[in-house]
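Per-chain numbering from 1; labels A, B and C assigned in written order.
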Amino acid sequence: MTLTVLILGEATNGRLAGTSVEAIGVARALPGTTLVGFLAGSTARAAAAEFGRFGVARVYAVDDPDLDAAPLAARVPSLKAVVEKEAPSVVVVGGTTNGRELLARLAAAADLAVASGVTEVSDVAGGVRVRRPIFGGRATETRLLTGPRVGIATRPHAFPAAAESPTTCAVEPAPTADIPPARLAPKRIGVTATASTAGPGLTDATIVVSGGRGVRSPENFHIIEELAASLGAAVGASRAVTDAGWRPTSLQVGQTGRAVSPQLYIAVGISGAIQHIVGMISSRVIVAINSDASAPIFRVADYGIVGDLFQIVPALTAEIRRVRGA
Amino acid sequence: MPDFSLTPDQESLRDLARKFARTEMAPHAAECDRTARFPEEIYRKAFDLGLMNLNVPSDYGGSGLGVLDQCLIVEELAHACGGMTTSVIANCLALEPILLGGTPEQKHRFLTPFCSQYNLASFCLTEPSGGSDAGGLKTRARLEGDHYVLDGEKCFITNAPHASLYTVFATVDPAKGHRAITAFVVPRSTKGVAPGKDEDKMGHRASSTSTVRFEGAEVPVADRLGQEGEGFSIAMRTLDQTRTPIGALATGIAQAALDHAAGYALKRQTFGKPIAEHQAIQIKLANMAQAVHAARLLTWHAAWSIDRGAKGTLESSIAKCFASDAALHVADEAIQTFGGYGYMKEYPVEKLLRDAKLTQIYEGANEIQRTVIARELLRQYA
Amino acid sequence: MEIVVCVKPVPDAETRLRASPDGTVLDPESVKFVLAGYDESAVEQALLLKEAVPGSRVHVVSYGPAPYTEEVLRQAIALGCDQATWVEAPPGASPDPVTVAHALAAAIGPVPHDLLLCGKQAGDDEGGMVGGALAELLGLPDFGCVVDLRWDAAASRFRFQRATEGGQESWEAPAPLAIGLQQAWNDPRTAKLPAILKSRKAAISKVTPPARSADAPKSVPQKFELPPPRTGAKMIEYKTPEEAAQKLVRILREEAKVFP
């Protein structure tokens, strides 16, 4: 018996979003499934064909330009009609702001057991098991979603993109459904793309790159800043660097400086004195780059590279830029 | 037997104080200590949140809390900074004589406007020639018709340079010793009242302390608290009320010292392991923890007794004496735990020792506390 | 304006995370549950709107078990909410978002509401789905990740920004509306002592949510895990800096999953 999995897609300018391709990958990994896609908005039909590139043979498209500037709530009646027609056991969406919100509304409309921010999915007897970070990543929970229908919003970038697996994709319009007027009353009146000028603040940043005494001089510190820029990261420094006046004390991470807990902390040329460690120990992943193999920082790091940072860091910056297509 | 758990009401009060202490006081404690700055903006915030004038009944605009509730708040504030806490609770000390000795008309006339907006008050008992010997005070109050004229000098008065109100103890007849001591309420605006310059202190440097000189200061008879000669009793009964919260203040300093020491001991490594795994440190921390627990429970017991109507002199003296000695010792051991780093002003523990020291001296020096304890104790055997 | 704010009691920031004896959930022993994070901002925003629009009232609602849900509602009352409703959850419940939404809808549906305010996500499980599900049940359009919510009295419209991965959207919408607040640029006020003492005696309405059918969808917690203690770095072997860089980037993407 095959189960049907419905993938809610997101598209911009006729292209399927990366998070949607990740969601397709999750759907394909579930055993014995029939895949169906859903897209709504002004470029729905154009992007719908992309589903075929990743092995999805059927897509419902609601090709309505008015939906772009209308609340996500306006898409729910069509989506609910698709769910009633296809009776999927699992609905998957890339957990972006839009994806999460749409799934939340569908969950109430069609009675789904849902979880968001999911990083692992497995099909087990009795339901779908999901794993997700909680408490700001300081813990993880595993849940069993049971019921006739479950919904999953993935954590963006936690799953790899689906591999290409081209297949003919039949695009059909979603069954018609009335949209209650209240759902059309709000209006989007403008969109501004994010301007990434200065990097994120140290304490809010998802990624922090810090430089220490190993950087040797203030003139060299730019290699830390370039690595940070390539990652969209905040820049930090050890006390040695700020005491020496190479960078302002506002950048100091440590016991008498700032405490940070990003997803990724890269310590470059920092030996790992306890005064620094206490400021970054609750980072989820710690990478240390140092020329001294016995530096204490390697005791608390998850990954380490022993080597000349003046060679490693520029190579890392270049690799990140290459991989990000920047 | 009393239930040692806090009621939800008490937890709410403690949480408010803790939040204020951690977010508003603690971030500025080191800077105010270093520069001896009086952080009026922090005291104003404390007033806005209802953390001042804790002992004044709500009828007069205070928070109307019992002693135990006050202690819960005071310990949290002191954990962040002993000096700031001293200035926040100095109002309680200064206003208590009005609560104990004032007529309903006086309470309303002085307390209601005072508590309606941010104001500081000072309790003026200590003099250059007598601290512990309060009964031998020399400030003179001469009756001249419808007013008294005050002449004399007080010293080590908390908040004096910033206070708008002083409660002053003076003698109407030096020959009669403590039996002639009389209590007065003296607004700052009174001609002939002059607070001095802020003293440069070892600790509690966010608090402001100075002399107050009275030179021909005229105080209306209507502003006298109680009768002539009742002042010493009013002062002693005031201290019976305020002594226990000082135990809580000392407990807060001791708890902060213990928190710093234990946290450091788990992270600092020597001889291949965290120092918390060395027996020498474990014994130290164990002794510190015993002292903190005992200080807190003695304070709570004294507060509970007073809230039930007991005079509580013995219990509150034991609490204040023990807790202040404990604070000094625990702070000292915290510095020792930090080793060389503990000696550096960049680390927070040396300040705790300097702040703890004052708690052994003010609000009744511990030598006096011990004589009081002995007297109360021996009464039970007489 | 009738404003309803939904809040969830969550463990306070200093809680030491520990698994329960059966390993399925956070050990509730000695956990202090408080009003925090985005919910705190939502309450503040509701109170600011109340102050800006004369005659407004704020009704705070929370779904959770005894005894701490009531405590959190009292905190909200001490901050200035006019009315509070406690939707009682069975002890130890950790339900799915739709179950929570049904429970809250039972309390909110019957009362007037021009604005339904939630925090973007709860401070513990960070699901961020209850708001949308609740809005669907109540028939309200909803917007999550809202930044900068204002009421334009002249136009009788809410104006707000919605933060998405691509940028910011500007929206205008009439009441009634549901909003999940991400950032309000407000500084949540601290309740004052007299208000705290008064809130202890405030009346809190209690609602028992309707039972859900036995075959309703469920989300059952199975494991609560802390990250394994750090045992030392996995050293990356390499011959050239480029190789080191490639290996590290691959690890960060695939193993650690920290960036795309």
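As a working rule, a residue touches a chain if its C-beta (ideal position, glycine included) is under 8 Å from a C-beta of that chain, and two chains touch if they have at least 3 such contacts.
Source: prediction; values computed, not measured.
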Exercise. What chain sits nearest the middle when you go by CA atom centres?
Worked result: C
For this session: Pick out whichever of the two, A-B or B-C, is joined by more C-beta pairs in contact.
Result: B-C
Exercise. What is the distance, in whole Å, between the centres of chain A and chain C, each centre taken as the mean of its C-alpha atoms?
Worked result: 20
Problem set entry | Between chain C and chain B, distance of the C-alpha-averaged centres to the nearest whole Å | 41
For this session: Just give me the whole-number Å value for how far the CA centre of chain A lies from that of chain B.
Result: 54
For this session: Spell out the residues on chain C that touch chain A in their complex, using ranges where they run on.
Result: 11, 17, 25-26, 96-98, 101, 124-137, 139-145, 162-174, 176-177, 180, 215-227, 230, 232-236, 238, 240-242, 244-246, 248-249, 251-254, 256-260
For this session: Going by the contact rule at the top, pick out the chain C residues touching chain B in the complex.
Result: 67, 71, 74-75, 78, 190-194, 196-197, 199-200
Exercise. For the complex, which residues does chain A have touching chain C?
Worked result: 12, 18, 71-74, 76, 96-98, 100-109, 111-117, 119, 129, 133-136, 138-150, 153, 156-158, 160, 180, 182-183, 185-194, 207, 231, 263-264, 284-288, 298-308, 311-312, 314-316, 318-320, 323-324
For this session: Would you tell me which residues of chain B are touching chain C in their complex?
Result: 8-9, 12-13, 16, 19-20, 48-51, 58, 63
Problem set entry | Contact footprint of chain A on chain B as seen in their complex | 267-269, 346
